[in-house]
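Pasting a structure here, questions to come.
Here the chain labels run A, B, C and D in written order, and each chain numbers its own residues starting at 1.
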């Protein structure tokens, strides 16, 4: 069960970090409708995170909050994409477009996981992620094919996020083992459908696929991100100030 | 000695918070010369802070780091001005102009403090603060009388910072008592010379004194600032993760 | 005038005015002012609580807090829409806010400094808002009333959630309880002032009551609020910071002490701890978002012209 | 050509070339490339350490760290100035950096994730830089050599400070020691790669040595560095992550294992963990500062024209 739990951390930490990043936008969005939309997406991701961390924690006798608030940076298993800074709205949308496309492909396959809990989370999340993808795609079109400035910013946003795409599709021993047992999806097998889904959106938005290579690293061990410790420092500050307290 | 120690906290916490804010600029300044200049000012302020916190700590058997890293937000005694966000460079310069002018007037008088340590800090700091004031005044001129955009931004920076001016000159019982004993300077007695010094700079920069009232509060008890807990959360994160460690 | 007569009759019958109905200019103006202030308050009111989203101390609380701040954005949007039915577009209302011409509730000029403040805002500020808003569900202007019905449902959740935050703190460690008490100490007075100045000093109230916009006087609403929160505070095990607060058997209400109206007036006039900060944040969000809104318009215009081209082509082809 | 002869003679005598002297175009180009890369490295190299200024765990360390990052800005400035003597203005050099045409040392594309990384960067990265730079104090191009003298003095402080950070950690709690070891594990290999590829794969080195710019080969410098840090690591009580590292009595040097040159080349080609992040931050600082630099120029122009007006008035008056 520990390997499944670790897999649940992979999935859950991604969702948690993204929720944390998106949560910052609420009250700062470029239009009030977007305060609502980004809050929606943040809550969906936080919902996935809570479910997955609770599930992971059951293997170790820990709660979702134990895992979210009392693990140190090098114990998290999130990918670097979701840890990237919000930047401007174009950069946030670029991150959303990439991650929602990836999550959509992933959850579409995970609904058939041999692990019932993971299959159930995926089934629930899939509908939400379809909305996230639609939201990101719509904004990619508007920004890419909007004004000269928005085109430039959206293109830059894609450029700044693209180095972290490769990592999403990196396999490791745990994933290979779980995939063989029908529990996980081997990330590398999602890349083709990811490309096929995201490329037409980028093209329709009159944007180009960024000409930038993947960033070295990609082992979900946090060995290559300067952002993670900043995110956790803020997220955990109050919980750690009162260890053992309930809220 | 506890009342003098508390006064040292007033002065030292101001310097510490400002050093923390300015430290963020290093590597992000609008020109490389400014990375150097802001780092200089930050180090000067941090130097004052260390001296003053050590002095304050001697009354309670605490070190500078005990006081900087292990006090909670409501135990700090900084004014709100230095806790304000950096904003753009114009906002930072506005904060610098106001604070350096205030500190210059304050230290010019504190060199005659009956408390030898405080008099000595003030004497040393005074020369540094003259440079800070000159730096801020020069930039105020350049930005105020530069381009249309820089004029607008500098004026906005002054507007956003001005509500926190009043607090700098607020007296309280501790200050009144210490002033009577010739140890502290009563802040209200500095206001006139502050105005006489800062107004000509603002005018020469073709700027206007902001038409905005002082923000309610001003008791140095942190009862009115949303920023302080953010600053401390970041500043203290590592030290608190390893209580009792040395570095 | 037939319009005036019909309007007076609707008011007399306590029926509802629709946007298409004739209405006196003063009535329209009063509503635009009140409804847009209300909308602005929801939007500015997001800030103190949003300040704690990234630091909420449990995932459950983070979830609830995000939902709450989202609801506030939603309320702002309903209320701007309802105000637009009176002929003033949202852009113009937002401009009035950003230029400092329009007001919003002064309570949001107080900072949310601790996690307990999030609880106190939910319990006291949303609690006071509900007292104000429940009667507004029957406001004579129909779109306002309808917006209020929807909003009040959500606000009562919020109040409950705020109370729960304080309950957990009050039953937690001594530090947590102290944090809760401190928050209540700071928000109690300003929350009571949310009902506006005492009736003697509230000249506009009477006209609003005659128009069936307002149903109860400021002091009546304040009394109801105090009567509601005293037992809730007892259940929390927290003290309300008013030595004069006590049950008056004769009146069947709680007596309470004089509020600091000097402070109230000075906060309204811009002297609050966060007035400038709130406006700066709102302006920055607006300005940083300008290129996004422009892009959305430009894209919409392109799409419309593409559809027109397609339609033209179709006509020519036909 | 007399210029070439004189140049050759200066080189043969191991004397110094001044900017006003004639020099071959290849020499000039090589220097512009090397010196500006060096300057860019100082500027980009501020970022990993600046990442910890706001979180330094003691005030003393915060002070030292601010001073160090400040020194790097200062070094960048000297080196840009020295490069400008070769006829390329700083604006153009900065443009090359921002457009990705110019390179900077690959080591700065690794992240500073923990506080111990600040120590490892000081000890290993500045340590390697010193090995590289000390011989450059005698570089044939005089302004480069002069800049290096100044820089080397400060770098040796930095290395010492980095070592001290690691020493405190290594002698601290088990978690602190683990943090230090982890940082050394991550920075050891990349630090050794700072001397460039093995001599066999370093085609430009020979010309640079002939011109008395470079004094020692990459592999010679790397060996000196290893020989220097092994006893320092022992004094720290930390392990260097190389199983092949051992004293070779015969050579009188430490042997060490093959480095991962595949990773080195891929980081140079943009695949490092932080390449894009570093460039984004630098571009943002530059773009966000554009209005400030424009204001400074506009102000300077106004001042100059005011002085001119004053001078004219004076002439007319005279």
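Here is the rule we use: a residue touches a chain if its C-beta (ideal position, glycine included) is under 8 Å from a C-beta of that chain, and two chains touch if they have at least 3 such contacts.
Source: prediction; values computed, not measured.
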item	value
For subunit B and subunit C, chains touching each	A
Any chain in contact with subunit A as well as subunit D	B
Chain centre separation in whole Å, for subunit D relative to subunit B (CA means)	34
Length of the line joining the C-alpha centres of subunit A and subunit B, rounded to whole Å	40
Centre distance in Å when subunit C and subunit D are each reduced to the mean of their C-alpha atoms	56
Multi-partner residues of subunit B (at least 2 other chains)	233-234, 237
Multi-partner residues of subunit D (each touching 2 or more other chains)	55
Graph class of chain-chain contacts, one of line, ring, star, complete, other	other
Touch relationships between chains, expressed as pairs	A-B, A-C, A-D, B-C, B-D
In the complex with subunit D, residue positions of subunit B that touch it	16, 19-20, 23-24, 26-36, 39-40, 42-43, 46-47, 49-50, 53, 64-65, 68-69, 88-89, 141-143, 145-147, 149-150, 153, 234-235, 237-239, 242, 244-247
Subunit A residues within the subunit D interface of the complex	73, 159-160, 163, 212-217, 222-226, 228-229, 233
Of subunit A, residues touching subunit B in the complex	72, 233-234, 237, 240-241
Parts of subunit C lying in touch with subunit B, wherever the complex brings them together	48, 51, 55, 110-114, 186, 263, 266-267, 269-277, 280
Subunit B partner contacts - residues on subunit D that touch it in the complex	43, 46-47, 50, 53-63, 66-67, 69-70, 73-74, 76-77, 80, 115, 165, 168-169, 172-173, 175-176, 281, 284-285, 288-300, 302
